[in-house]
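There's a structure below that I have some questions on.
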Amino acid sequence: MSTIWHHIIPEEDRAASRAAGFGRPSGLGHRPALLIIDVQYRTAGTRPMPFDLAIKEFATSCGEIAWQAIGHIAELLALFRERNWPVLYPYVAPKFGFDQGRLTEKVPTMMEIPAKGYEFVEAIAPRAGDVLLPKKHPSAFFGTPLASYLVNTGADTLVVTGCATSGCIRSSVVDAFSYNYRVAVPEDAVYDRNQTSHAVNLYDMAEKYADVMDTKALLKALSELGHANAQEISK
Amino acid sequence: MSTIWHHIIPEEDRAASRAAGFGRPSGLGHRPALLIIDVQYRTAGTRPMPFDLAIKEFATSCGEIAWQAIGHIAELLALFRERNWPVLYPYVAPKFGFDQGRLTEKVPTMMEIPAKGYEFVEAIAPRAGDVLLPKKHPSAFFGTPLASYLVNTGADTLVVTGCATSGCIRSSVVDAFSYNYRVAVPEDAVYDRNQTSHAVNLYDMAEKYADVMDTKALLKALSELGHANAQEISK
Amino acid sequence: MSTIWHHIIPEEDRAASRAAGFGRPSGLGHRPALLIIDVQYRTAGTRPMPFDLAIKEFATSCGEIAWQAIGHIAELLALFRERNWPVLYPYVAPKFGFDQGRLTEKVPTMMEIPAKGYEFVEAIAPRAGDVLLPKKHPSAFFGTPLASYLVNTGADTLVVTGCATSGCIRSSVVDAFSYNYRVAVPEDAVYDRNQTSHAVNLYDMAEKYADVMDTKALLKALSELGHANAQEISK
Amino acid sequence: MSTIWHHIIPEEDRAASRAAGFGRPSGLGHRPALLIIDVQYRTAGTRPMPFDLAIKEFATSCGEIAWQAIGHIAELLALFRERNWPVLYPYVAPKFGFDQGRLTEKVPTMMEIPAKGYEFVEAIAPRAGDVLLPKKHPSAFFGTPLASYLVNTGADTLVVTGCATSGCIRSSVVDAFSYNYRVAVPEDAVYDRNQTSHAVNLYDMAEKYADVMDTKALLKALSELGHANAQEISK
């Protein structure tokens, strides 16, 4: 059970929410799929850098904190590779003039990210057979065929990793939950440019939508899923 | 410009985000529609009560803080009535046995809300001609025909009010933004059981998805929209 | 393999389509769910009547042909009940003034269906535990949480029955196919007010989206699915 | 009013449908957008060829009939260019191994289309500023952000052209109608590999979802829309 938000959400408030019945675990199912969302150089930088410098490379960069998360994503990815479980990569598609809209009004710098920024970070990059999902909006489900790929794999559980906790992660988790997938969010394998938003969004997700824990605990829980199930999925 | 999150998000972090280009205004369009989300007794209680008591009436109640927001919603509603602008009521549909799923695992008390809880709070209740949208999931768009009603009205701007800031409001705002609607969130006309989540979700929305201000400022901005536009909408 | 469209689609055209590679079977999966779409008195009439009379009772009625299909739906339903497989009822929700839109412009009589028309036909009516899905648009997926209920059941195969072949059946089948569900359409358990549209829509679906066969053949194929799978679904 | 289906749908059946209230016009709105769907060499061939030869170039080709339609699409496109109205190109995205699913089971040849087949037919190809929408499923709306682009343009009316009448056109029209857009289908600017399906799908759409007419009549109706509106759209 995560404690990452304890310094921000007073115990009194957490207790009140528990009293109302929020925050129960939903658990893992039998057929997990891994989502690695927006782990492109545009959110991590081409190498670990302090935030102030990082945003000079790519305005949307989260800086060195991204690289800690990427290390944890790589651990999860290794297990999914070993078990031959499905791995999907929703990612920010390069923007064209016709993409001007609400997003580029709220964050105009989005239109000026150099091409390199759209490449996948090498440490967790996709390989043949992984599902690639270009997207134009925050949720990995919105305006993409993600739901169709998930039906095709037979997944019942989504492990959601990447960036940003308060943006594409949060909205993808809410949609996954709304589709009735079980959702696990490894708190140290998601990242955000703002640490308060990071912690409070993890709290909100733990209260209402997902099971939040660290990568170590999640790896243990996933490892205990039967190999039989893994074979069924990978057929 | 809201300051409701200033005590939680350090100025240093807010400045860093501004430097990266986040949080620009998207402004109002010409044809607003009002969404009043989940303002049912289940989120407000049948009368203003302290949170501890309120959750004994309905586990999902936010307590007396809801009633302050409802007063502000009523002010916005009065302007929309006067201008004959569209008003839509996405609301939580009563639950049946077949609704067991991820929601009822995370928050089992959701299944036990008495029928009275599903009624609209009288002060802002719908009248004939308003659009009623029963929903089963957080976002007012998910699994509902809200997008179709909006196309039908020709709206380009959504004023999003109701409950909970960190739940149905947040997810509806992200979807509205993703559909390219301009979104205004009056910070004192949305409510939540948790004040930290309330403030940080408003910050996240202001950074990425919506214009956040108080009801007074929003009423002023809406009043300045031409009556000609209002007539066009209501035809 | 259906022959219902042979008198309308020339063999030469069917051969050309086969040569291009269309119309291969997709087969059944392991976990079927039954959709009974719009089998309400508004599409069947309160009893079997010739079409000319039937549309005087409800403008949207298909007349006596509906009742032949309902007999076949009842056979399929009996098997699903026996196996404890999921049964879902997408149905036309009663219309309100705020539902005026494109539908009521194309077919104004839709607004004038008496309340009795919205009741389920008794022979196939839902029982406790079945999923009820009011809808406002043709596809059972559009603006409804059907996809979420399907994820919750773990279904991989949909048996689509009801009305109208060229309307809500066709659009639901295309969406189910797009979500990557395996789709079976029993040609004598779907019905339409127009026999040419009925046959050609079955042909289109067989070519591109679904496996089309008669109820007898489908019952046989479904019966051969293991009881083990059935238990897994109903848990 | 189209008569293209008169030889297939008996007058008696058409009269019955009219008596029930189907097939009323929905008319044009004020702000049209043009959808050119799947007009790629994979559906038309690199030049006009008889169907038998055409499917040897690309299995999904419709042969020379495509080129007649493309001539009419070009006429519509010229008007949209002149008025500076929005033009959108939903198109079939190249397929990868991970796209195996229901589509490739029903039509395995879909996986073997050479790269040239995915290029836009030059006569109607997009120019800078047009919206490009790669898609994986029949409807231009399914798993794409088309709805968001439409909200952004403020369109209220869609002119739907391209291929195939009984496939991507039909499903896109049903979705557009479900979103409450006014839909016009120019019968000679859409094409299909099967002429019976072509005619009956046009009939179905005219009955329930769209206004169907020839390009000449549609050009006349569009020309009468005020230039003021056009300016409003293009701003």
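A, B, C and D are the chain letters, set down in written order, and residue numbers restart from 1 in every chain.
Heads up, the rule we're going with is that a residue touches a chain if its C-beta (ideal position, glycine included) is under 8 Å from a C-beta of that chain, and two chains touch if they have at least 3 such contacts.
Everything quoted here is computed from the prediction, not taken from an experiment.
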Common touching chains of subunit C and subunit B: A, D
Could you tell me which pair, A-C or A-D, is linked by more C-beta pairs in contact? A-D
Two copies, subunit C and subunit D, superposed on Cα atoms differ by a rotation in degrees, nearest 5, of 180
Per the centroid of Cα atoms for each chain, what is the distance between subunit C and subunit D, given in Å? 26
Dist(centroid_CA(subunit A), centroid_CA(subunit C)) in Å evaluates to 37
Using the touch rule from the top of the page, what residues of subunit C touch 2 or more other chains? 101-102, 137, 142-143, 145, 147-149, 152, 178, 180-181
In the complex, the residues of subunit A that touch subunit D are 96-98, 100-102, 128-132, 134, 136-137, 142-149, 152
Sites on subunit D touched by subunit C in the complex: 8-10, 13, 16-17, 19-27, 51-52, 55, 59-61, 101-103, 105-110, 137-139, 142-143, 166-167, 170-171, 174-175, 177-178, 180-183, 193-197, 200-201, 203-204, 207-209
Counting only contacts in the complex, subunit C reaches subunit A at residues 145, 147-152, 154, 156, 178-181
